[in-house]
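Next come two complexes built around chain A: one with chain B, the other with chain C.
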Partner chain A sequence: MNLFLQSSIDGLLIGGVLIVLSLGMSLAFGVMRIVDFAVGEWLMLGAFTAFFLNSNLHIDPLLTTPIVFVVFALVGFFLQPLIEHVSSGKRAHANLMGLVLTFGISQVIRGSSLGLFGKDNHSLSSALTDFTWFFGPLVVPGARVVTFACGLLLTLGFLFFLYRTPLGLRVRMVSQDKASASLLGVDSSRINSLVYALHVGLTAVAGVFIGLLFTFSPEIGARYALYTFFVVVLGGMGYLPGAIVAALVLGLVQSYVTAFLDSRYISLASFIILYLVLVISPKGILRRGLV
Partner chain B sequence: MKYSTNGLKIGLALGAVALISSGAILAQQGKPAVFKVGVVTALSGDNAQGGATTKRGYDLWANKVNSQGGIVSDGKKYKVELVYYDDQSSGATAAAACERMLTEQKLDFILGPYASSATRACGPIVDKYKVPMITGSAENPAIWKDKYKFVFGTIPSVDIIGAAPIREIAKGNPKPQSMYIVGLDDPFAKAGADTFKKLAEQLGIKVLGLDIVPADADFTPVFSKAKQANADILAMATQPEQGIQMMKVVKQLRINAKAFVQHTAPGFADFTTALGKDAEGVIGATVWQPDIEYKFINAGAWKSSKEWFADYQKAYNRNTAEYTEAGCTAAGIVFEVAVKAARVKPGMNEADRIRLVGELEKVNIRTFYGPISFPTSGDNYHDNIKLQPLPFQIQNGRPVIVGAKSPDKTRLVYPTPAWDKR
Partner chain C sequence: MNSRLEKSGWLGVSNSSVWLLGAALVVLLVLPLLIPVFWMRIATETLMWAVVALSWNLIGGYTGYLNFGHAAFFGVGAYAVGILMTRVGIPFVLALPLSGVIGGVFAVLLGLPTLRVRGAYFAIATWAFAEAMRQIALLAEGLTGGGEGLRFPALSDNRPFYYAMLGLFVLTLIGLHFFLRRSKYGYWLVAVRENEDVAKAMGIDVFRAKLIVFAISGVIAAMAGGIYGYWITIINPNEVFKILISDNAVVMSLFGGLGTFWGPVVGALIVHVGGRLVWLSWGSDTLYIVVLGAAVVLVALFIPDGILGALERRRSGNAYKQDVNK
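== the complex of A and B ==
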């Protein structure tokens, strides 16, 4: 029983970080209809930015998250028109071109980072997370609790923005029907820039959390891109509540399989679940995603 | 008479290609002969950091040799040219890269990969093309049991090296009674985990659990299990990146084992820089450190570890060198010695390379890195097992050799203080 409870705690806590990672990607797909292959690289750059702010300005990594969010949101805001130019319009296979462009961006970032940052592994540590809670035999690491709590706050804030603000309403309008939204006076290009900015900003912040919990180097992008795609597809492409549920499911699956079977079956178990969900419900786990 | 425009364009293009190619060929013919050395290692992917250590070791050797005029053979000096191919941290890609390298380039010999999986993948290929390869890195004992004629290694296998820290801890007071082992799901780490298990059983230490985990897994669940087991020794067979992650999780979960053992992360510089004081007390295994000096050195440009380390620091601006880096430089030194003995020249044919392998098998030298020779039979076929495995511990932010073979008689700190007492 203790092992089950501990595994549940471990799985939910890591699921919280995966939520932050996948929310932006899910929204970006829902609104812009592009899959951002650079998602792993934004995460990596977010971790490195926090690292440099911590090393040079001695800012606690957790406290760098607002700076990281703003910096990368701006990057995303100014990059998005290029992606839109490539992935829309009259060119053939426009969506595919967008995918190729984001893949190219990811490779440029990865290659440049290898040259700039080297190949050593780095880690972030925060005085604000250096504690552990004990509840009898159950252990709750501070780093996991804090990143989960921050992830939860970000998620709630994000959902509040999306569902309770006029700007969020416009985002949802463009997501549902771009043409009709344009007829109602919504500037979809501007909305796309905002959405991509949010996606890149959130993903970079997830990178700070990853740096606090694990390690990072210029090579980690592909690994987290895979997790993100998994969560977004399982949750239903473009459906945010689905991404939240899928992230928690992935966290729990990893944890339970490790505790009760063998860690080497994590990928097998995860992809069996994904396969079954998509066979039964191609729109994702909550049956509301875009097909 | 009208000429086809397309035909004219094609003709001009072909002419340009011919001109450039002949220019390149002429340029090559004008260049002095060099030993062309292929290197296949992890320049990208999960093992990129390990690949970088091999590259530093190999480059340091090549640059030193070239600065002194080159390798001596039959009274002449020939410089070396390293040609790198990326195995992308995958055994399958290593095999493809090795095959491509051997068919595209006319190589004299090869310096081998970082990872055991890549080395095993290259083994049948170098044997097929009969080009000798020495790796300064891979430690999986299975490589040597494969008995590839053209594959050699300067580092003893992990079943030899990995035993050192366990033997040292077993002498501790109180004597450890139990061990929990976590190993990565890769050939090297699994061999390391197996070494820990076998030795623990031999020493009467009960193994409470052995978990093999994928390198990209979240380690918290498996270490939660380990915490519940409450073993005296927590032994981790891992790679550099995951070694850091594992210690982070160990601290987050406040696992208070009497000893933490890791092979091979603690020897890498980023282990202590990433973990800071959380690295204190972790015990590892090595066969060389910059403060180990050998006498009667009779091969290679460096007459002491101090000399090599000074060159290393100057070249790379790094303050810690790991034994893999030294082992890779030593691989180059071994080739120097064998080339000189075989009296071969650049552009070796198959007969030359077979003769070179014969000389490699006769190598029996002492370098700054230590003694090197290659058995020609048994389970450690072509693996240099002359080096002594040594336990070290992170003390005051540095890896220091501990126990009877410590140069300054440093003792093992055991048991490791609990996390809330540090």
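== the complex of A and C ==
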């Protein structure tokens, strides 16, 4: 029973970080209709950026998150027009090229990071997470509490932006109907850039959180990309509340598999669940995604 | 649909092409007698990649469903042949077609839920599938040998493998020629890729067409993997299921031209031989990943219809054209 409670808490706390990882991706798919294959590499680069800021400038990893967010949001903002360009209607295989381009970018990032940073594992530690809570037999490490709380704050901020600000309203307009939004004077390519910038920035910040919780190397990109895809598909593509629920589900699944089976089964278990969801309800567990 | 289809000639191939193809086949048949062992190895690999890319292009290029986990079929084929030969004791010539059947069954099982929904789900699911297969192979130690690998009976001569790959290559080309250019499915596929909704309205069973194509793609890739496994004599889940195999298939098809008949062959020749030269000059696998990724980015930006598509465009002097029978 204690093991069950402990792994439930662990799972939910990690789920909070996975929400940050998948919100941007889900929104980007909802608005741009493009799956970003480089998502795992943004995460990995976010963790490494925090690592180098920490080791060279001695900034606490947790406090690097605003810098990491701004830097990667800018990268996303300037990269998005390229994605828009290759998937514009006049070119051959326009519907495939967005996927192809982000796939190519992910390979370039992965290969050059392997060359520059090596294959070694790194980790981040923050003075702000240097505590542990005990509840009877249950142990809750500070890093998990703090990253969960930050994840929750970011999620609330993100939802506030999307549902309570004029700019967020325009994002939702483009997501629902691009043509009508344009007729009403919304610059949809501007909104697309903004959404992609948000996605890359948030993913990189999630990378810093992941770095505080686990070890990381240039090769972790693929694994976290799979987790992100899992969350986005399970929640229903483009449906944000679904992504939040699915992120918590994935956190719990990982935690239970690690506690009761073996952590080597995580990808396998994730795939089996993904497969069953696609068989039973392709629109995601809440049946609200885009098919 | 295509003027060349109506041209007279042998089985829908024009007479000049028959001579050209015949000459190419003769060269490929005598090649092992002319080149040193090192280059024969590269020739065998190039044929293998051509087959893998052709099978990838079948689903990726012709239907627009990008398979980012093609390595799954390659690896399944390698393990199927290995397990059948070493644990069951079936000879290679029987194990190889069986591995194709197994690859096809896996493709159908994977395609049933994923080919009904949009391509993004398919891209994700196939990718996750390859990762899941790698893990199964690592965990099912009793059957696969796990991380230690599975050892085939060794065959010291390289030549049989060259001819096996060549045989599979030629059979694949002939099969695809009949399937794509001489059967109704070829036309179905073009209709599906050009406009899935219109194809449906025309009464084409879009889902069945995609599923059949995906199954064939799985069969061919699995058999390429089967020959490869026997050739290198020891296979490991991290080698035969690695992402780089899927990457290569995608890049080669893209490079040559998505949905073109010869595109994957041209792509395999350029990318593999080019890649080997990069490797020979700098000896770095990491650099290869970067070069491969950069090539994908450049193709997406500048020649989305690949080398063959761009050549065709230059010749006909007009904008992008999508045509299945290049």
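Criterion: the second predicted complex is superposed on the first by the 279 of 291 C-alpha atoms of A that agree within 3 Å, B and C clash if a C-alpha of one lies under 4 Å from a C-alpha of the other, contacts with A are read in each partner's own complex, and residues count from 1 in each chain.
As a convention for this text, contacts are C-beta pairs under 8 Å (C-beta built on N, C-alpha and C of every residue); 3 or more make two chains touch, one makes a residue touch a chain.
Everything quoted here is computed from the prediction, not taken from an experiment.
With chain A as the common reference, the superposed partners chain B and chain C clash.
By the touch criterion defined above, A:264 reaches both chain B and chain C.
Of the two partner chains placed by superposition, only chain B is touched by A:213; chain C is not. In the superposition on chain A, contact of A:114 is made with both chain B and chain C. Contacts of A:3 after superposition on the shared chain: chain B is touched, whereas chain C is not. When the two complexes are overlaid on their common chain A, residue A:139 makes contact with chain B while staying clear of chain C. In the superposition on chain A, A:105 makes contact with chain C only, not with chain B. Chain A residues 114, 264, 267 lie at the interface with chain B in one structure and with chain C in the other.
Against chain B, in their complex, chain A makes its touches with residues 2-3, 6-7, 10-11, 13-14, 114, 118-123, 125, 132, 134, 137, 139, 141-144, 213-215, 217-219, 223, 251, 254-255, 258-259, 262-264, 266-267.
Partner chain C is touched in their complex by these residues of chain A: 29, 35, 37, 82, 85-86, 90-97, 99-101, 103-112, 114-115, 222, 226, 229-230, 233, 237, 264-265, 267-268, 270-272, 274-275, 278-279, 282, 290-291. Contact residues of chain C toward chain A in the complex are 64, 66, 68, 112-114, 116-121, 123-125, 127-129, 131-132, 135-136, 138-139, 243, 247, 250, 254, 258-259, 284, 286-297, 299-301, 304-305, 309, 319-322. Against chain A, the residues of chain B that register as touching in their complex are 44-46, 48-49, 51-52, 185, 211-214, 216-218, 220-222, 224-225, 227-228, 240-241, 244-245, 248-249, 252-254, 268-270, 273-276, 278.
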